[in-house]
Amino acid sequence: MIRFDSDYIEGCIPEILEALQNTNEEQTIGYGVDPHCENARALIRKAVGRADADVHFLVGGTQANITVITSVLKHYQGAVCAVTGHINEHETGALEACGHKCLTIQSDNGTLTAQQVDQLIYDHYHGSAVEHTVQPGLVYISFPTELGTLYSRKQLEDLYAVCRKNNIPLFIDGARLGYALASDKNDMTMQDIANNCDMFYIGGTKVGALFGEAVVITNPAYKKDFRYNIKQRGGMLAKGRLLGIQFEQLFTDDRYMKVSRHCMDMAKKLADGFASRGYSFAFEAETNQLFPILPDKKAEELAKEFAFTPWGRVDENHQIFRFVTSFMTKPESVDRLIEML
Amino acid sequence: MIRFDSDYIEGCIPEILEALQNTNEEQTIGYGVDPHCENARALIRKAVGRADADVHFLVGGTQANITVITSVLKHYQGAVCAVTGHINEHETGALEACGHKCLTIQSDNGTLTAQQVDQLIYDHYHGSAVEHTVQPGLVYISFPTELGTLYSRKQLEDLYAVCRKNNIPLFIDGARLGYALASDKNDMTMQDIANNCDMFYIGGTKVGALFGEAVVITNPAYKKDFRYNIKQRGGMLAKGRLLGIQFEQLFTDDRYMKVSRHCMDMAKKLADGFASRGYSFAFEAETNQLFPILPDKKAEELAKEFAFTPWGRVDENHQIFRFVTSFMTKPESVDRLIEML
Amino acid sequence: MIRFDSDYIEGCIPEILEALQNTNEEQTIGYGVDPHCENARALIRKAVGRADADVHFLVGGTQANITVITSVLKHYQGAVCAVTGHINEHETGALEACGHKCLTIQSDNGTLTAQQVDQLIYDHYHGSAVEHTVQPGLVYISFPTELGTLYSRKQLEDLYAVCRKNNIPLFIDGARLGYALASDKNDMTMQDIANNCDMFYIGGTKVGALFGEAVVITNPAYKKDFRYNIKQRGGMLAKGRLLGIQFEQLFTDDRYMKVSRHCMDMAKKLADGFASRGYSFAFEAETNQLFPILPDKKAEELAKEFAFTPWGRVDENHQIFRFVTSFMTKPESVDRLIEML
Amino acid sequence: MIRFDSDYIEGCIPEILEALQNTNEEQTIGYGVDPHCENARALIRKAVGRADADVHFLVGGTQANITVITSVLKHYQGAVCAVTGHINEHETGALEACGHKCLTIQSDNGTLTAQQVDQLIYDHYHGSAVEHTVQPGLVYISFPTELGTLYSRKQLEDLYAVCRKNNIPLFIDGARLGYALASDKNDMTMQDIANNCDMFYIGGTKVGALFGEAVVITNPAYKKDFRYNIKQRGGMLAKGRLLGIQFEQLFTDDRYMKVSRHCMDMAKKLADGFASRGYSFAFEAETNQLFPILPDKKAEELAKEFAFTPWGRVDENHQIFRFVTSFMTKPESVDRLIEML
């Protein structure tokens, strides 16, 4: 069985295992204030071009999302997001369990437009019952989105301008940030991301690490006391250095982007393979998550050899499926899959 | 200014004021276990035809909703409701503030169908990531709905059958229950309501009382320890007898239904008035909330003399407006409004 | 049975019933922004000597406490309080249900000292694991305390000075504020209260009203968006005017203090009665809650005619009991009780 | 600098690093249902002697605590614990942030007695205001305790008997379980633990692993839907196998107990060192956390070469300090420390 069902099916880049080995007997203080974490912070600050940023390391995405969002919101505020947003759909109500509503916006491709967000905020303050409804307190987007799609620089700048106009912070979930940046459809750098939001996270779990997400807070208004939130939400890793060591390796020698580019090469090859066989996509094939529409028969055939995920029925004989490449996907696996299409 | 903007703009039925006067010097124990509350409970049990029901008195609707729903749900469960449901739209995220997500279903007229609920539950358990999504733990409907519409007996029975099949309780928000039951479009009795759900509440605030809602729990699985929930959610009224005294009066001499019928007479008269002037309604005019579509000009004219609420624009020159009659609406007020249409 | 078990066993002052009668047919807008509420706000601002204060009306004490405290605290902060504080002991974890811990301080008589609070805050910031513990975010005291005791002006000023030094707001629960102010052991005015905290509430439920508490916010930092919190915590009364009408009456002709003085006259008389019979008190008899220590035999005897509450065993033959007078306690009831001692 | 400030200052046992290396290119399904997790579950079931147990893997202790406890408690219930319990003191109110109060019991040495728990439950149900207080819904103890002390088999059996009598589950936090079991003061086996509670967790982070805790649920009443809770609290590790792989290694060849015994050998040696120099302990030296009382001078001297933690002042010249050994502590480090005493 060759797996294309997610980008968290393998381990990590070899340099991380090597570093874990080399540091194993080191004694360091716990909870993320050791030299490895400090060094990783410095490397990330440099990579994102913001010497002023606060950087915190968390274990996983849901944890990163609730920790960041609850650090920003007042009790009566909610998070504006696409109806397809990860916080709305696939975190078992983790944010609601912390007391906050997702204020959802319909979206065909997983992105939000500046105009939609501006309208939602306007409507809130101009409704007949303002304080009877949840106040928008933060805008959450994913880059790339849960449907593998991208924002252009212009779209992100417009969205962030609306956020600043309305005095509401913008948070970018970058669980797969590397794949967005490495896409040939992308026109942004990591610095552009850092400069067009108030906080974001750089996903490690799906991009080269065993686990780990690096939260980057650029807006000083949201830096204070952040570590209390980490501890309260269960995210304060005792051996915090495990995260520092991993991000040290990922942000040395441009490895984060190198493995991202490999993944995107595999994704592009696979997307071309689907296209060349005449299959269309439910959403634009812009990153490492591909959503081809396949006949049931073909899918059954492929399922004998490959793992991938059904994503909704199109008609009696066709479904959308999700195929995902990762930083460790082998070219021969993609070749074999294309051969079978 | 004559107000048609809500059914909570006036005081209460005169018998309640009289009873408050007569009982003012009585000394009773607090927190809802006094003789007035006990008597009111007995009267309500009789009116709903369920000698086995637990009855609790709460001050308001949002409080009743969160107290009931949090008494039922486990942390990882949410409440299924129409996107227009009061808990989803107009309670400032009170339910989310208690940790629970609203699992919303689109609805044109505010009702849910048995088929929609069945599908949502089926989809939850047959998705690719069951425990990554919020488990449906209760179904919430309003009768009448927030848009003034009704369920037929058949629709409610079907819905409740689906709930029982899926082993998920049904809770009916009856903030305006009297008006539903008094509508000439309705085919149910209060007993039918009690027998087709697991718990519901009988709204007093909007139907004759100064304030107060009577929660009726018929399913024994949800009776235990309910008073802890009341206290924890801030709903344990010190002078609990104030609620008992009011419901005693409302459920004596069939007053609850009498004042409901008066309100519905006024609503019917007003609805006929709109219709006879050629105005159409955005939603079926079935209870005391009417949603006529009016030209902006006419609305401006009426606004000089009457209070009512804009409910969304239809086109450049027309909006939906909400007009509401109450148990104290005077016939001459309705006459005057119709005259001005 | 003559009840001395609480101060919420009767109705209200007659002027309130009269006003409810007189206003019953008035039509007003809902949710606390009607002319009665506005007038009551003006009267309260005047009484507390703070024209700049925001005033909000809530139905009960637990509701007032959670609404105020959650409006102030960030998620990782808790409320400093005496271990005997109402929020810690008798609200079924309402504050924890909103996500916040009570940071308790031992207290023999229900009060907190400035030194204790200063120390707790110092310890928090100088511990070995600052962000592993809940950050003190607000200081909660009751005046009078749950044990009927008082703060002197000096004690309150010192406490507030410590709060300001540490940049942490002080909230005073005034469920029985009138009785504190009317005590002959008290050396403060209502203006002193308003000037020595950031927010407090004036209890109506136990002091003359049917129900209702008036939250007074003097510190501008905590005024914004308070109504969202009211709605989210279930405290937005539809017929908000019911609260306005009651506080209008209580704050007309100094009635709030007049009924408080009556209650305190009764309490003093009763306290003197206990003392003259040689009974001692578990806590200083300073307001309308008295905690005499009685032999079990005497208590059994009294229980045949009077309602009062056991408050803890002292030795094999003695218990502490709580006796409470109210704004409606009749002199002859006190006389009869004293006679029986 | 030689560190004795915690047992999470180093990496892990070498077999884990080797296994991570060997499995790095394997493709497995995510979220803890892969073959490594299944195998680790089987090994743990065997080790605890309960073929019927459910086993779940979580990343850290706070996360394990809130996930387990919130899976058990109803909204109005709290967790009974020692005032020194980790959930009460050092988790930044994580449990309260999930809505639940810690119902604390005073304890001199970190343990709870059966009698104390029985009394607390009795008092709750026999108080004057039952539902005004938080209902005890679970008993939480740590083995060993936060102060390094132990329960005897008799003490645990008595405590569990009280829990069963009162129909309230017992949860054991075993963050350092191995060290308790390996102590020469201990008279229990891992099977005894499993048979004397409803759920517990086996700590990996502090006992040989890089990170990870294995939750073992023996009472069938608490098994259902547990994975929803894991996801909702942010604990569903994408590459769940990382936990499976670690526990596979720890529970092969009795390694978990072997490394525990090494740690306890080091602790015993160090404790004897303190004792032979005439230092006394603040709490019994039973596991790998030692709390000697040292003169300030001596402490200053030691601090030049060793890391350890101040734990409270005893008198003007003496403080309690915490010294901790770990599964990787080197004999020569202990020798050097003893030499310096």
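Here the chain labels run A, B, C and D in written order, and each chain numbers its own residues starting at 1.
Here is the rule we use: a contact is a pair of C-beta atoms (placed from the backbone, for glycine too) under 8 Å apart; a residue touches a chain by one contact, two chains touch by 3 or more.
What you see is a predicted model, and the numbers here were worked out from it, not measured in a lab.
Undergrad: Enumerate, in label order, the chains that touch chain C and chain D alike.
TA: A, B
Undergrad: Would you identify the chain whose Cα-based centre sits farthest away from the centre of chain A?
TA: C
Undergrad: At what distance in angstrom does the C-alpha mean of chain B lie from that of chain A?
TA: Averaging C-alpha atoms per chain gives centres 41 Å apart.
Undergrad: Please compute the C-alpha centroid of chain A, do the same for chain C, then give the distance between them in whole Å.
TA: 49
Undergrad: So how far apart, in whole Å, are chain B and chain C when each is placed at the average of its C-alpha atoms?
TA: So the centroids are 33 Å from each other.
Undergrad: Residues touching two or more other chains, restricted to chain D: which are they?
TA: Within chain D, residues 75-76, 91-93, 97-99, 131-132, 228, 231-232, 236 contact more than one other chain.
Undergrad: Inside the complex, what are the residues of chain D that reach chain C?
TA: My answer: residues 75-76, 78, 89-93, 96-102, 128-129, 131-134, 309-310.
Undergrad: Could you please specify the touching residues of chain C with respect to chain A in the complex?
TA: Against chain A, chain C makes touches at 70-71, 74-76, 98-99, 131-132, 135, 225, 227-232, 236.
Undergrad: Would you pull the chain B residues touching chain C in the complex into a rising list?
TA: Residues 1-3, 5-6, 8-12, 14, 17, 20-21, 23-30, 59-63, 66-67, 91-94, 97-98, 205-206, 210-211, 228, 231-239, 242, 307, 328.
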